[in-house]
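Note that the chains are named A, B, C and D in the order they appear, and that numbering of residues resets to 1 at the start of each chain.
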Amino acid sequence: MTDISTDFTLGSMVCRNRVWVASGTFGYGDECPDLVDVNKIGAVITKSLSLKPRDGNPPPRIVETPGGMINSIGLANIGLQRFLEEKAPFLRALNTAVIVNIAASTIEEYKEVLGRIEEADCCDGYEINVSCPNVKEGGLSFGTNISMTAEITRVLRPLTSKPLIVKLTPNVTSVSEFARAVQDEGADAVSLINTLIGMSVDVKTRRPKISTTTGGLSGPAIRPVALAKVYEVVKSVTIPVIGIGGITCANDALEFFITGAAAVEIGTANYIDPNIAVTIADDIEQYCRNNGINDVADIIGTLQTDQTISVVKSWL
Amino acid sequence: MTDISTDFTLGSMVCRNRVWVASGTFGYGDECPDLVDVNKIGAVITKSLSLKPRDGNPPPRIVETPGGMINSIGLANIGLQRFLEEKAPFLRALNTAVIVNIAASTIEEYKEVLGRIEEADCCDGYEINVSCPNVKEGGLSFGTNISMTAEITRVLRPLTSKPLIVKLTPNVTSVSEFARAVQDEGADAVSLINTLIGMSVDVKTRRPKISTTTGGLSGPAIRPVALAKVYEVVKSVTIPVIGIGGITCANDALEFFITGAAAVEIGTANYIDPNIAVTIADDIEQYCRNNGINDVADIIGTLQTDQTISVVKSWL
Amino acid sequence: MKIELLPVVKLEQLTPTIYALHLRSTYIAGTIQPGQFVNIKVQQSNYPLLRRPFSVASKEDDTITIIFDVVGEGTHILSKKEPGDVIDVLGPLGHPFTMPGRGSIPVLVAGGLGMAPMPILTQTLADHGITDVVTFLGARSKDSLIDYKLKNVHFATDDNSKGFHGTVVALLDAWLDSVKAGKVTVYACGPNPMLRALQSALRKRSVGGQVSLECVMACGVGLCQGCPVASVKGDKKYELVCKDGPVFDIHSVII
Amino acid sequence: MKIELLPVVKLEQLTPTIYALHLRSTYIAGTIQPGQFVNIKVQQSNYPLLRRPFSVASKEDDTITIIFDVVGEGTHILSKKEPGDVIDVLGPLGHPFTMPGRGSIPVLVAGGLGMAPMPILTQTLADHGITDVVTFLGARSKDSLIDYKLKNVHFATDDNSKGFHGTVVALLDAWLDSVKAGKVTVYACGPNPMLRALQSALRKRSVGGQVSLECVMACGVGLCQGCPVASVKGDKKYELVCKDGPVFDIHSVII
């Protein structure tokens, strides 16, 4: 099993493979030790962490939709203090890459959380969740405002020499402009997509099916959208692009690698099988073996498009 | 069966019910007379019509995805001339509302097509597909540029007294701004959503599954996104909003009505059953009867949201 | 907890829409505690996407039984299983019922399919030498009263087709007149409106108990934070039904 | 064309992955022409979303048969059907094979499951008094050679497990040496690479024929414009496989 190169290096972070678990879908990595050998996951990304603990939104928080689910967890998390006390020691002891995902409602909060984790030195990299309401701008999401997204990157960049990954929201007209902006501010990579805004109504009660009316759509239903966004971003930046969205098996992950993703994150599929990232990593290794590929890197960006017909593309 | 009011009036156009068929999913209304009594459909919206005939994109043009499909038809259509000769007489003879959907690559083309159809007087209203490449802007879609979208509305508005519906693309940061802009220019209604940009890759051949790499995602998978966009727009305009996206049954349609859509369009579901719009209209009538509702209008916009928790909404 | 592919031993149809599905699992049968549940992938494809949670209703040797009502696509698919099929099951999950204090009579109160965890609770109580259980079972009508492996059952139906005419909570409440508050421990499961009525009836009498809650779940193991229930105890505003529950102190949760 | 719920008469397993599904439809059995197809909703739910197209392979009284290979989720679901089930079928659809000119020998050429429309074509030719058909059937291996209701069959396999060792086109080509170009009409169906080889072989010999094409379809009735095939005849750049085809003049399409 050591014949295929599966590892991926992003700055100072070395990952044993390119299949990671997405923020908010794997807790803090310590939730199901019975079901998964966490050290076999390429990188564990924690639930978004905010400065203060957050209770999260009232129920109902989730609903299944065709091929997907909507969630509105409200970023329930234990907050920085308890994270450092209760989770950091476990994460530091892991024998795989750990990425802390940070959420905040002010630029200062982003800085403080990152700064304090940096002091505690309990992770290998950071993923910045910019899909958060900016309280100073009346709750408008940072992630849909290009200058805010760039500024978050600019202020966080000097605080760490570890890889800084900015996680982009798909709910914008041109995600590649956001990717370029954060690349220009020194981000080491971008990851995408976070959830699409979605909604579902209970016809009997005439109430939204989740308490906050709209929520985030994830799962296989959004995979085509995620892949198209990754394709758009891969063409416009030089930093690595981490693909996320509806991946459930090795074939799905390979679609992202072929399109140009340097790594992928598994989200919703963890809920069906918390070991799925490990299975996918193994299956990709097997795929390489079966196809005479020595390094997973050799698959990345190998998409064959017919350039002669790209002019007609925007006519659907 | 005449006890429930199902009709809907938009300016000079009277529709027998609020369940329409979406552009590009029902041909010119004359495709399957064996399968559907077209006169029972609330409004027939034609395939997007351009000035010149269009062959459309090379195959493959479609691929199924989880809960949906991606298409890249390339707006294959017979062009204005043949439309007027071959289709207009049939459409004029229909005993239900007919809406011609217009696509174009220049403002002048929009004007010419609408103007000539107006002369021929073969429809009850217009739907403007703005998700088209603007050739003068290097192929950027009109529909993702708010001033272009507004301008199309502005120049078309004086050309007709029939209802002018602008069909919005969901691939923008804030669809409600587009809705407000076209409302300000005198549009009678907005319809949404057109397809999301999506992509799928054949891992064996490492080629995109449709010839143009990316295409338009439709079907149940996108229903939550469509509903969230309709919700956003309903809150910000006063003109009627026509809901489109992944509707397959009366329950799905009711989600849109409850959210505030004045009518709905059925797209992809026509491919599974060309009679589905009629079935849905009938089932909604039956739903009203069962629930003591006299007029379908009484369902519209009856969503009960919990205002006290809307502040937490943008935290997912 | 484990993910296992379990062979179907038998599918029993109890009513037109309610089934008992018997699955073979030495592991779950050996470790399951009453009130715990399993999370089932009803078929191998991505449709339906999420697992479906079901209480383990009983166990016998290496076999566990779930009792389910066909309410949607997932349970419809389960109702077509037959011996020879295997089903992807994650479990056992969640926090179980605990045994009553010494000398306290266990009173089992269930509405509709809320009876599901009661057979195994009855069984486990018996294993602990506690056989003086009293069971109250309510449903809309006698067709949905499932007394599968229950003991000493008092019935209530909304339509008066069997037993007491009225809700199971009203029936219980009347019965409680005859016992001392400190002498009973209530074990409850059922629809939320019933549980709310039960909570306030018990609160008035200062009767304690445990309740098994249901809610939509994505993961069942604590990964998604999708299954909160508001709690009045401790410092957390919400507890997770899948991990902190599904069984809670009946007076600790805001249902 | 109609949408009907057709009762399953029988599901026959022909090979480990290939099945013949017999469905009862007086209407389709009465109107179907060889080369036409039906579009099947494999189950009532929205999954899989789209119908799946299948050639009608034969008919007998009020029963039609489709022959299919399990290649994905839809055909997997079909392979679980049993008598008592009903299936939602839209048909008959498309442009059929037409009868050969007087005195022309029909030569049926099929690769793999491309044999599907050949039994009903054979049947219909016989109904027209044409019984001198010659059939060429190729497949990877003898296990996937389905000669269900075919007549006068010459086999070819890639792995030499039965008949000619090589492609069915090579076998046909050799055989054509012995006949006059104007004396045969080819009827072909199979994978695109095979059809391309066939096209060029026939073109060299100026042999004409008809080909039944396959491609991904969303609607099957001309609503979506999703099934184009480039055409060299007429003024249209593309024809629609579902409506203008699936049967085309073999020299009119760019496969």
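Please note the rule applied: a contact is a pair of C-beta atoms (placed from the backbone, for glycine too) under 8 Å apart; a residue touches a chain by one contact, two chains touch by 3 or more.
Worth saying up front: this structure is predicted, and the values here are computed from it rather than measured.
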item: Mutual neighbours - chains that touch subunit B and subunit C alike; value: A, D
item: Contact-richer chain pair (by C-beta pairs counted) among C-D and A-C; value: A-C
item: Subunit A and subunit B: spacing of chain centres that average the CA atoms, whole Å; value: 33
item: Separation of subunit A from subunit D, taking each centre as the mean of its C-alpha atoms, in whole Å; value: 46
item: Geometric centre distance via CA averages, subunit D-subunit C, whole Å; value: 54
item: Subunit A and subunit C, separation of their C-alpha mean positions in angstrom; value: 36
item: Contacts with two or more other chains, residues of subunit C listed in rising order; value: 46-47
item: For subunit B, residues contacting two or more additional chains; value: 58, 66-68, 71, 73, 219-220
item: For the subunit B and subunit D complex, residues of the former touching the latter; value: 24-27, 31-32, 34-35, 47, 55-56, 58-64, 67-69, 71, 73, 76, 219-220, 248, 268, 270-275
item: Residues on subunit C engaged by subunit D in the complex (per definition of touch); value: 45, 47, 73
item: Of subunit C, residues touching subunit A in the complex; value: 1-3, 41, 46-51, 90, 215-230, 236-238
item: Footprint of subunit B on subunit A - complex, ascending; value: 54, 57-58, 65-68, 70-75, 131-133, 139-141, 144, 171-174, 194-201, 203, 205-208, 211-217, 219-225, 227-229, 231, 246, 251, 254-255, 258-259, 302-306, 309-316
